[in-house]
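The two complexes that follow have chain A in common; it is paired with chain B in the first and with chain C in the second.
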Partner chain A sequence: MNKKFAVPSILVLLSLFVFVSGPASAQCKLGVPAIKVGVQGAASGPHADYGRQIEMGATMAAEEINAAGGVLGCKVEIRFLDDENRPATGVKNARLLVTDWGAHFTVGTDSSGVAMAMGPVLAELKRIHFFTHAATHRLTEDLVAGKGIKEIVRVSVPIYQDAITAALIFKDRMDIKRWANIGADYEYGYVAWNMFKETLRKYRPDVEFVGEAWAPFLTLDFSPHISAVMAQKPDAIFATPWAGEAVMLLRQALIQGVFDNVQVWWQAMGGSVDVLEGISAEVAKDRFKGKLWATARYIHNWPDTADNRAFIERYRKRWARFPNYSAETTYSAFFIMKAAVEKARSMETDKVVAAMGGMQIRNPGGVREFRSVDQQFIYNVPAGRPVMDTRYPIPVLGDLKVFEAKDYYRYPPFTPVSVTK
Partner chain B sequence: MTVRDAHPSPPPLSRAERGVTSRAAILVAILVFALFLLPWVAGKYPVYLAMQILILAVFSVGFNLLFGYTGLLSFGQAGFFAVGAYGCAKILLAVPNLLLGIAGGVVAAGVAAFLLGILSVRHTRIYFSMLTLAFGMMIFSIAWKWRDYTGGDDGLVGIPRAPLEIPGLLSISVAAMDRYYYVVLVLSLLAIAAMHRLVHSPLGLTLQAVRDSETRAQFAGVPVRKYRLVAFTIAGLYAGLAGALLPPLENTVTPPIAHWTMSAEPVLATLMGGIHSFAGPIVGSLLFFVIKDVAMRFTEYWLIVFGVIVVAMVMRFPNGVMSFFEHRQRPAPIPGTVRTEGEGGKSART
Partner chain C sequence: MENFAFQGLIGLSLAMYLWLISAGLTIIFGVLKVVNFAHGSLFMVGAYLAYTFYGQLGLPFGLAVLLSLLGTGALGFVMERGFLRRIYQVDEAYQLLLTFGFILILDDAVKIIWGGVFKIPPIPAFLDGSWPVLGRAFPVYNAFVIAVGLLVAVLLWVMFDRTWWGRIVRATASDREMANAIGINVPWVFSAVFAFGAMLAALGGAIGIPVRVVAPGIGATMIIQAFIITVIGGLGNLKGAFISSLIVGVLSAYGTLFFPVFELFFIFVIMAVVLLVRPQGLFAR
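Now for the complex of A and B:
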């Protein structure tokens, strides 16, 4: 570069830098250069798609919020970490994000085990974490309502949906009297089955629960579990292995002719995008004979609103995929955080929690309402049968059964649910 | 012949060797001083990371007594780590006394190591490794399945960072992270110093003799199996101590800490640092966490980066990073005193 142009060029560049970067932080009414949001989820291992979807949902939300001027003029900055579905890593990540990177909020977390490990640490770190997948009821019932940890807020629907909704749907099916369980061999599986039995018994004392088989994480061969419960001649199966394991389980059930011998197969979280993609060919050929039922924390074809359709369109344009529920819940968590901070005009935990009191917010998944007693957002999610729809390249849930959230959420005083087999 | 007779006193150190030793002593003193100053000069996260490194260092130093000094590769040390962690957690949940919790965890791990060691040290090489892998995974299964005691896959939550208390004598709160750091630091330094003393003692030298030639050691009258059991139990105690330091730090204990992938961490740290150097596992623990932490900051595909770096390091330093420093610092041999391989050149460097 010619020397006589060098100094003016540098000055122009510097002034451009000041012009571009200066106003953003100067306009931030929270006195910080940016609102930092730490995000984490399982981004490695067999459940990695859920963490990736959390990251995609978070990225898109931050981009949209920033494009619209940020939160009180503050840009949102995110940082994603893989928690490996391991509690120790989740806790370490939370510490890194808050004490090293300086996160003002944290979001995400797939595993209930990771969530329960993080809970007490969040109180120490004094940062709100918006949980967007972990489903154990104990997170909100024990740690928030019981122990008063205000830093825990859950945006996604807890385990109530997998268990109580199933009982509400099938209580009127008088042809189904014998239920068997192929369960995830950890708390999620135990609680879902116990809660389902407890709820169904209230409506149908005549129902029998005839068999149980438990599959630990990373089970590849479900044939012994299937054989064990089918030997009890059940009318219906209640299944809780999820993600790739659910796909594997359903395929092996087809091979073993289960769908010729049962009336219903309830697949908890079978409406997740990764599961629907995995069983797409089988659904297209109607190999489940209309007997497969599924749900998810959010289903991309419901609610049929302009908000949801626009969200799907933007998401597909950005990522060339459909959002699964961990993407929608994470995306929504950012807008909940935005609304709460704008109302509180602060990022302090007490003020943000107070600002969420009575909050009703419209998200792609529908209207969410904040329940202060356990800091749980409440919203409707239906269940249905996986079917092909010409408008979508992957299956959707059809024949939807919609219950009001108030009918399938638990309410205080929370009675203990057995967390054992 | 007694064991002590089998190892005559080493010749006095030359001036150059004394220089290296004194430089190492100064370096260690500076490092220890820096570690004590850390909470004053660093943020919360570096302090937290330092505790993780210290815990892995204790775990790895114990593991290397078995691997580097005794010649037994265990893939089940995470089992004893978990026994220490769960033991400490159960005690702290019942009696909020940190010393009692840590001591209980160490004793529980030592007992478990002794009992499983009786069965394991009957074999060597791959058979020993497979047995320890099986026993480690057995402990993992117990942690996973014995839900009433261990909390199953959800583990034990809400473990308090209880005060350091000797009833009627003292009670110091270590609830703040910075204070607990000093508990971890002091116990880790004591454990490492004790191990340094141990490996240079007749017991340590005997273990190395067992490693180098089991037959020769037997002919010298060494009860090989008993010595292996002692090494196995001590390694278990160290794993237990490392495990017992974890629950007050994380407030939680879950089954993955007993999984074989956790057993791989001291193996990896020791290989990275160097099995033939006392400081190898400590330096390896530092590298393990630093590389992982740095890689995680830059990419979510950190496992690939981490793997590539580890492979590169193992190829560049097949005897560990410490071999590089030892090679640079080793004084030039005095003519006529170089021992050939056939004359025992394979003797362990400590």
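Now for the complex of A and C:
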């Protein structure tokens, strides 16, 4: 090569190199190429829509954060894994995401069973996991407030929503004296029923709990369960199977004439988008006769704020679906992470947790407030009855009962709730 | 008393459902001497095909079920011709590995073709609603399942006991070399029996779609129950499969009524007792 051109051409090459590779990492003030966020949820089987919604919420949050310049100039990168709703898979995924892929944070998890298995592992992996669906109270009350596992942060409302709101709504229904349970046969189902009974008993010592039946995951035929509890002539049913199983449970209850014989059916997480889509035809024909009640961990038609409306518009444009609660909670978890990291200017667990202290953050689902003692974000979600509304193509919860979070969250000192059948 | 009888009827519908799945499993074992672990996956494929024809293409429910049987039967034919046939000579452990491999392949294939999310077709009008039975509302759908199960039982009995084809199959089952010697085309019988067993599995899956979850993974749950039933009844014994389906179906329904906390445990206790007392199964000769 001609020496006259050698130096300039090397300089040009170097500058090209700097231009191409330089700015992205040079701008990231955390000294990493990107903030890696591992995401997991149930993405196959009857509960698969939750995992998909978690993935959609995470993807959209990462896209929006990156489009607005990232977190302290760092791009957010996500990787989604299916936990198949199995504890062993959830634990394996957590290890893989952190140790193999190098995740700085992890987000998601649908089932309480998976969450409780992951809890102690997170402490060992030293990475914060933002739980966005798993509901058992023990995750935050026992593992965080009790055992001090700082790596657990919960963005979604726990089982207080499923159990305590139900008790508050129906305590005034003097016509309902006999409650029966068709429960999900694992921790979530046990705790929901026990917490409901405990709360309702305080207000209504006259109420009887007359029957229970338990259905494990992948129950295809609920008719023995329905028929067993109906044999006790209950006034109301408390039901916790969720997602596709909730849809089929309700359909099997309809053809067994349950809605002719009970006053109320509480389908705890029946306000979930996949369930509302699944029971659309039945709601349109009023087959539940106004007796079906449900809640969720976020419903898209509440709160009626500009933030929420804009979120739904963007979400529908991006995915052609309504956001389920696992989408909103996951989406919000990313913005909570962003706010905390920006304040801490670090991704270390202790600093991020400290930065969340006293945090109040406006999310599509409303203002969430961080409670340090159990690292639970506090916000409220109403309950109501699935109805058709001309503004929406699928049923929404209507006739909303709104309770302030302070009226139905549990507060320390946390008293134990039985976690067995 | 009414509640007891009503729960028994519900148990009967559960039993007939289990019977449809275990019948195919036990027939295949009886003739081919293969424990087809992928039988539950054929049940799942049957459900998905019926969903496609009925829920997506809008064909009448009965026609969708029929097409699903044909499709799954064809898949069974290919599985036997293309794969199982090559390992009849080798150790049985290879059969387990191969059929287990099919579970994984079919589960993933279903996810690729239909996606991971559950499917919910509408309930056909003729299966909607209930009849008054014993002062309660008995679902037309459960009555339909009972009818299909009994019909299949009668058809199988007539077919195996009263027809030329049944005699050939029984001859092949009892001594395949002798059957070959007297001019029966044994390989053809094997393919036909496997395809037929696959169709029985598909029937269970297909008639379930209006009220049961159609999702990846349902095959694995069904194969466990079907396997327990064939073990209780005696592997390869059709009458045994029918009666043990009744025992398991009705007792688990009563388990749900009387011992809700231990209900799941029930079916395994029955199997354990049978294996201890009569390891060859209740009806094995």
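One rule holds for everything that comes next: the second predicted complex is superposed on the first by the 400 of 421 C-alpha atoms of A that agree within 3 Å, B and C clash if a C-alpha of one lies under 4 Å from a C-alpha of the other, contacts with A are read in each partner's own complex, and residues count from 1 in each chain.
Everything that follows uses one rule, which is that a residue touches a chain if its C-beta (ideal position, glycine included) is under 8 Å from a C-beta of that chain, and two chains touch if they have at least 3 such contacts.
It should be emphasised that the depicted structure is a prediction, and the values quoted were computed from it without experimental measurement.
Once chain A of one complex is fitted onto chain A of the other, the partner contacts of A:300 are absent, as it touches neither chain B nor chain C.
Legend: residue contacts after superposition of the two complexes on their common chain; A:121 is shown touching chain B, with no touch to chain C.
Of the two partner chains placed by superposition, only chain C is touched by A:244; chain B is not. By the touch criterion defined above, A:281 reaches chain C but does not reach chain B.
Within the superposed three-chain model, A:228 lies in touch with chain C and out of touch with chain B [touch as defined at top].
Of the two partner chains, chain B is the only one touched by A:186; chain C is not. Of the two partner chains, neither chain B nor chain C is touched by A:371. Look at A:81: by the touch rule set out above, it reaches chain B but stays clear of chain C. Once the two complexes are overlaid on the shared chain, A:216 sits against chain B and chain C alike.
Touched by chain B in one complex and by chain C in the other are residues 43-44, 82, 185, 216, 421 of chain A. Chain contact summary for the complex, chain C toward chain A: residues 3, 6-7, 10-11, 13-14, 17, 111, 115-118, 120, 122-123, 127-130, 136-142, 208, 210-213, 215-218, 220-222, 252-253, 256-257, 260-261, 263-264. Residues 43-46, 48-49, 51-52, 82, 84, 185, 211-214, 216, 218, 220-221, 223-225, 227-228, 230-231, 243-245, 247-248, 251-252, 255-257, 260-261, 274, 278, 281, 421 of chain A touch chain C in their complex. The touching residues of chain A, when paired with chain B in their complex, are 43-44, 55, 80-82, 86-88, 91-92, 95-96, 99-100, 112-113, 116-117, 119-121, 124, 136, 138, 147, 185-187, 216-217, 419-421. If you check the complex, the residues on chain B that touch chain A are 43-46, 48, 52, 144, 147-148, 152-155, 157-158, 177, 250-252, 254, 256-257, 293, 296, 300, 302-303.
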